[in-house]
Amino acid sequence: MSTEGTAANQSPGRPGETAGSIGGESAPHGGKGAYSETRIRVRYAETDQMGVVYHANYLIWFEVGRVEYLRDKGFSYRDMEKEDRCGIAVVEARCRYKAPARYDDVVIIRTRVARQRGSILHFTYEAIREEDGLLLAEGETIHVVIDDKFEPCYLPEKYREGIGG
Amino acid sequence: MSTEGTAANQSPGRPGETAGSIGGESAPHGGKGAYSETRIRVRYAETDQMGVVYHANYLIWFEVGRVEYLRDKGFSYRDMEKEDRCGIAVVEARCRYKAPARYDDVVIIRTRVARQRGSILHFTYEAIREEDGLLLAEGETIHVVIDDKFEPCYLPEKYREGIGG
Amino acid sequence: MSTEGTAANQSPGRPGETAGSIGGESAPHGGKGAYSETRIRVRYAETDQMGVVYHANYLIWFEVGRVEYLRDKGFSYRDMEKEDRCGIAVVEARCRYKAPARYDDVVIIRTRVARQRGSILHFTYEAIREEDGLLLAEGETIHVVIDDKFEPCYLPEKYREGIGG
Amino acid sequence: MSTEGTAANQSPGRPGETAGSIGGESAPHGGKGAYSETRIRVRYAETDQMGVVYHANYLIWFEVGRVEYLRDKGFSYRDMEKEDRCGIAVVEARCRYKAPARYDDVVIIRTRVARQRGSILHFTYEAIREEDGLLLAEGETIHVVIDDKFEPCYLPEKYREGIGG
């Protein structure tokens, strides 16, 4: 599993969950188009008594991937909520589990925008075990951009081109 | 929103999240076949800064629904893991969000077995706001029955007929 | 473990996590003063790979206990936030773990108000395994009442007497 | 807020939540002795409808800090559980909240071992907002080393000296 695509995020001063810059134009596991990579170390709290990561946590990781994708594109989701008074609500989420992630594994979340049309955004994700490149899960989420009254609205123009899809 | 189907679970001594007995043969929102109902009061911890329930929590609620469905059928998932050395691993999960659940709402999780074949189990769910019967979300999960080495196996015979699907 | 104190909450129509009415004036495990009881069924998501409930979940359960305590006193924390524009922020939390809770256990959260003075509220909790009355954990939380600007304020008068402490 | 102590963990190939090497012998906020630093980016899932991080999450972050402290000392908690068949169970946890962490904040968890005696381990933590060095919370956890039958045991010798305290 090459980590070249993420070299940029290892520079000093890059805090938090280490997110890769836009990694490339192709990927070993399905999908196409530019992607972003985020590394997440599995927390003890995320395991369950089967000894593996509890399945709902992947949706949380996908969200981390989504936010880091936006950051890689130059956008802050926090500012989008605060300054542009709009949010990205989830209208559908889906995950297919291929192999279990385990405690202390480093999991790469590879995030892409599959489609963007009007107020609809469609992301896809792969969760990959860093150690050996094993695909753990893949998923999609569909979102609607909403204003502060929870009404669908267009993505502010400054985001539209940059986000891709 | 009729709660007749759940009268049984209001009897004294019924602890924990109140789960309905098998509720009936039809339902206002899609699906068919016998269902089970579980009531969940939204916890503060389950909300996010949008002021609604964070979307990953629905997968947790679906699991609560699944376990209560089994209990309604006379089975304990805890015993299945402990005594029969087999588990029900999630291989796919999907949720479509229709309307946000909010803090302190009582949400009914209506659970059905859609299919059971070999080692595969397929559940469907509706999350319904108790106050007014509004459909908040609907979802599906697909499972494979596994032994204690994480290998697919058949559901022990005693469960097969009872579970339905 | 007597459950007499909670008979009231088993009446039909009482939704969500079953919370007892104010249960009595004394308790087997420490503490004194009127208490409220809430029953929580351990979710699979709350376990970790040690096969027991992950310790942070007790703080979530304590909060469920707190809200049900208020409900038993005739108050809705949801309305307090919405209508009275004030919240109860946590300034300190503490938990001592005595014995592990396990998946599918029913855990009774017994909640008391230990003190109420000005904008400070002090709650205590016991987590008790329903099956045999075993004390699983005990804890305290200290809170400050805040207005919608996160500034300390007095608890609105209507709540002050009712809450106790 | 100096980040010099964490320069080491920014080297390429350091995956997961970025954890500092043992940072120094003193710290601005209380405590003494060598500490370890871990950076955590606040996830949306960790916020609640008050618009701040839900308080129970700090216990999860403290655990991340604990594991990274051990890693900095050359130990893997995963291997301790797997190879040495012993775990570090929480017997007490405490947190004092000073200021709210918010979505997308980078929070530094500064972890120390305060004491180690027999099978007892005592950790202390500070949660610090990276942006401006503001102390968000401080806490302690007390642990007992247990074997795979949940009986107290001594920490395997190889860990004893290295861990400190």
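We just call them A, B, C and D in the order they show up, numbering each chain from 1.
Going forward, contacts are C-beta pairs under 8 Å (C-beta built on N, C-alpha and C of every residue); 3 or more make two chains touch, one makes a residue touch a chain.
None of these values were measured; they are calculated from a predicted model.
Compared on C-beta pairs in contact, A-D and C-D come out with A-D as the pair having more. Interface subunit B/subunit C: over half of the residue numbers present appear on both copies, so the contact uses mostly the same residues. Between subunit C and subunit D the centroid-to-centroid distance comes to 27 Å (mean Cα coordinates, whole Å). Centre-to-centre spacing of subunit A and subunit D amounts to 26 Å, using the average Cα coordinate of each chain.
In subunit D, the residues that reach two or more other chains under the touch definition are 44-45, 49-50, 56, 60, 63, 103.
Taken pairwise by the contact criterion, the protein chains are fully connected, each one touching every other.
Residue ranges of subunit D in contact with subunit C, taken from their complex: 49-50, 55-57, 59-60, 63, 81, 87, 89-97, 100, 150. Subunit A contributes residues 3, 7, 10-18, 39-41, 43-45, 60, 63-64, 67, 76-78, 103-104, 106, 130 to its touches with subunit D in the complex.
Taken in their complex, subunit D has these residues touching subunit B: 44-45, 47-52, 54, 56, 103.
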